[in-house]
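Could you have a look at this structure, given as structure tokens, before my questions?
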Amino acid sequence: MSEDTVVPEGPDHFTAERVIEAVLFASAEPVKEASLRARLPEIADLDARLESLRQRYVGRGVELVKRGDAWAFRTAPDLAARLHLEVPQQRKLSRAAVEVMAIVAYHQPVTRAEIEEMRGVALNRGTLDVLLEAGWVRPMGRRQTPGRPMTWGTAPAFLDHFGLENISALPGVEELKAAGLLDTRPAMIAYAAQSEDEMQLPLGDDTVLLGDEDGE
Amino acid sequence: MSEDTVVPEGPDHFTAERVIEAVLFASAEPVKEASLRARLPEIADLDARLESLRQRYVGRGVELVKRGDAWAFRTAPDLAARLHLEVPQQRKLSRAAVEVMAIVAYHQPVTRAEIEEMRGVALNRGTLDVLLEAGWVRPMGRRQTPGRPMTWGTAPAFLDHFGLENISALPGVEELKAAGLLDTRPAMIAYAAQSEDEMQLPLGDDTVLLGDEDGE
Amino acid sequence: MVEPGAGTTGTDDWDAEIAPTPLLDVLLLDIDGFEGPIDVLLALSRDQKVDLRQISILQLAEQYLRFVHEARRRNLELAADYLVMAAWLAYLKSRLLLPVAPDAEEPSGADMAAALAFQLERLDAMRKAGEALMKRPRLGEQVFPRGAPEGLRDLTRPIYDTRLFDLIGAYGAFLGRKTETRLEIREAKLYSVDDALARMSYLIGAAADWQKLEAFLPPGLTDGLYRRSAVGATFVAALELTRQGKIQLRQDGGAFSPIRLRKAIP
């Protein structure tokens, strides 16, 4: 069946764009450039063709967007209110999950211990699970430090969901970096550990001694 | 963020087309004109807008089509084949599969039960599937015996792959014997395997053999 | 060193009734709504209504200690980490108020305050980043993928490298297996201990001096198994002849060093 529908060969820009258009339309998920290349071996200037196609859709109801190393057609965000599409209600993320999501996105690759350190509380079992289930975070390999802890980062679906071309397009990422706030260095705990054995709590009657208090 | 990008209101043809475009793109089903009208009450000349949008996509990789009284985007039919990618992958047939293939070739038409009886073992579910997938065997109709079992034989791709003119070009039993391929001796597999691993013995390379023998 | 207990600094008389601020009341009412002490600190610091970079850590520490004090006065259940933080802040407060010891090894109060300020600022930044992310047009809510995707399929087309030779070879093996039902155990070609004894007894007469053991191996040792059996048998033969007192054996230099033998000198 595939043999008898012949696509004109050669450096025909129009044909190339048609094929890219069809392939990207046919997929609900963003299609990786490698996958496009494999389908379009005759197209040498894929980047240029994609850019030309993107231009073609600028200002339309549907846009060609880049998500990491993949491309997809998506409805234009400004039309949201006009579409009146019936969408299944998505589960609302907890405040903790949103915060952990942001820490993973802005500090990746980041370990569980670093997340806990930044938030000052232990990570609930379910919090990371929710983000994993949504397909937004993924393990990024182990850090070569004692204990070889697993690090976490964002998955491709994160970019797609939040409409980001790549991680450097995260809102405010440059400002945060310039302000030194994307530093995973431990802040207070390091000091706390140092001073643990010399502190006593001036809380009146039942003074609490530190150090042997909670296991955490 | 999506709130502050304002869509121009009013009978703006361009905006109307954008909204129709997005709705048709995002809908899982073709959208009826009545439904479009209900959703987009501000669009007076819906027919004209749909026709203008249809024109816009003529000859592209995606087409706007009318199905009954409903509209939908579809990838251009002539590009259907491009949506699927065939990746050739070198694979090795299992020994069992090669043997079953040989039995089918030499004994066709042959039933599954006959193959099992000849080999003395039950046929794995996947074995025949692999050969079917390779396009080497095909069903040859049912045998007119109780249970009417399906019989199997070689498919054209089998002759192609092995470069045979026809099935009678397969060497017969006598030819196999003559070629040394019909070996009736039990294989001394254990001994053969043992003698393969060279031993590390404390034999210096200056070993001198005593007596009259010729060297190594 | 810091003297623990009430009234050390003169500013925090814990027995005095301090009228709780409206914020404190809110915090205490919704204590379960907070994610640990840092979260409470962030809420308190926002109450200072200044940029987090200009926040008074001393004032923050005092607010927090008042919060914990008030919680305990009302018999509210506080998790241990709230008390740990209270202890740390009390310590920080004392470090901030006491003159810095010149030989102090531990970080100064200012260092500690800066660390806390950094942590609060960083967490606040992440919280705001999270909110900004959630406000973006999100897929499935404001932005939509194709509703009826035809789908892309990546098919793997197997290519088998089976040749005709493999096929008819398999058939030959199958036929062979099928016709041969009698199990025949064929003689294995091995070098026996008897062979080795005979050879060694014969050769030892010619060897007056120490000879390596391998000098007594039979010729033509190519096959691995045959070679292995010959080495084993020759060694066993050497042990047997030694036991019989016909030869002497020696091995200088430990394991795997050459074994030598000679005719026993009566």
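Per-chain numbering from 1; labels A, B and C assigned in written order.
Going forward, a residue touches a chain if its C-beta (ideal position, glycine included) is under 8 Å from a C-beta of that chain, and two chains touch if they have at least 3 such contacts.
The model shown is predicted, which means the values in this text are computed figures rather than measured ones.
Visitor: Which word fits how the chains touch one another: line, ring, star, complete or other?
Guide: complete
Visitor: Determine, using the mean of C-alpha atoms as each chain's centre, which chain is farthest from chain A.
Guide: In terms of C-alpha centroids, the chain at the greatest distance from chain A is B.
Visitor: Quick check: how many Å separate the C-alpha centres of chain B and chain C?
Guide: So the centre of chain B lies 39 Å away from the centre of chain C.
Visitor: In angstrom, rounded to a whole number, how far apart do the mean CA points of chain A and chain B lie?
Guide: One centre to the other, that is 34 Å.
Visitor: Measure off the straight-line distance from the CA centroid of chain A to the CA centroid of chain C, and report it in whole Å.
Guide: Taking the average C-alpha coordinate of chain A and of chain C, the gap between them is 26 Å.
Visitor: Could you say which residues in chain A touch two or more other chains, in rising order?
Guide: 23, 25-26, 35, 73, 75-77, 80, 83, 85
Visitor: For chain C, write out the residues touching at least two other chains, lowest number first.
Guide: Expected reply: 132, 136-137, 142, 144-146, 150-152, 154.
Visitor: In the complex of these two chains, what residues of chain C are touching chain B?
Guide: So the residues of chain C touching chain B come out as 132, 135-137, 142, 144-148, 150-164, 166-176, 178-180, 183-184, 186, 188, 203, 206-207, 211-212, 214-228, 231, 256-259.
Visitor: Can you tell me which positions in chain A touch chain B when the two form their complex?
Guide: Contact set of chain A toward chain B: 1-2, 5, 7, 17-23, 25-26, 35, 38-40, 59-62, 73, 75-85.
Visitor: Touching chain C in the complex: which residues of chain B?
Guide: Against chain C, the touching part of chain B is residues 1-2, 22, 25-29, 72-75, 80, 83-93, 95, 98-99, 101-103, 105-106, 118-119, 133-134, 161-164, 170-171, 173, 176, 179, 181-186, 188, 191, 194-199, 201-204, 207-211, 213-216.
Visitor: Which bits of chain C are touching chain A when the two form their complex?
Guide: Residues 1-2, 4-6, 8, 12, 14-15, 35-39, 65, 68-69, 72, 80-81, 83-84, 86-88, 90-91, 106-107, 111-112, 115-116, 118-119, 121-123, 125-134, 136-146, 149-152, 154.
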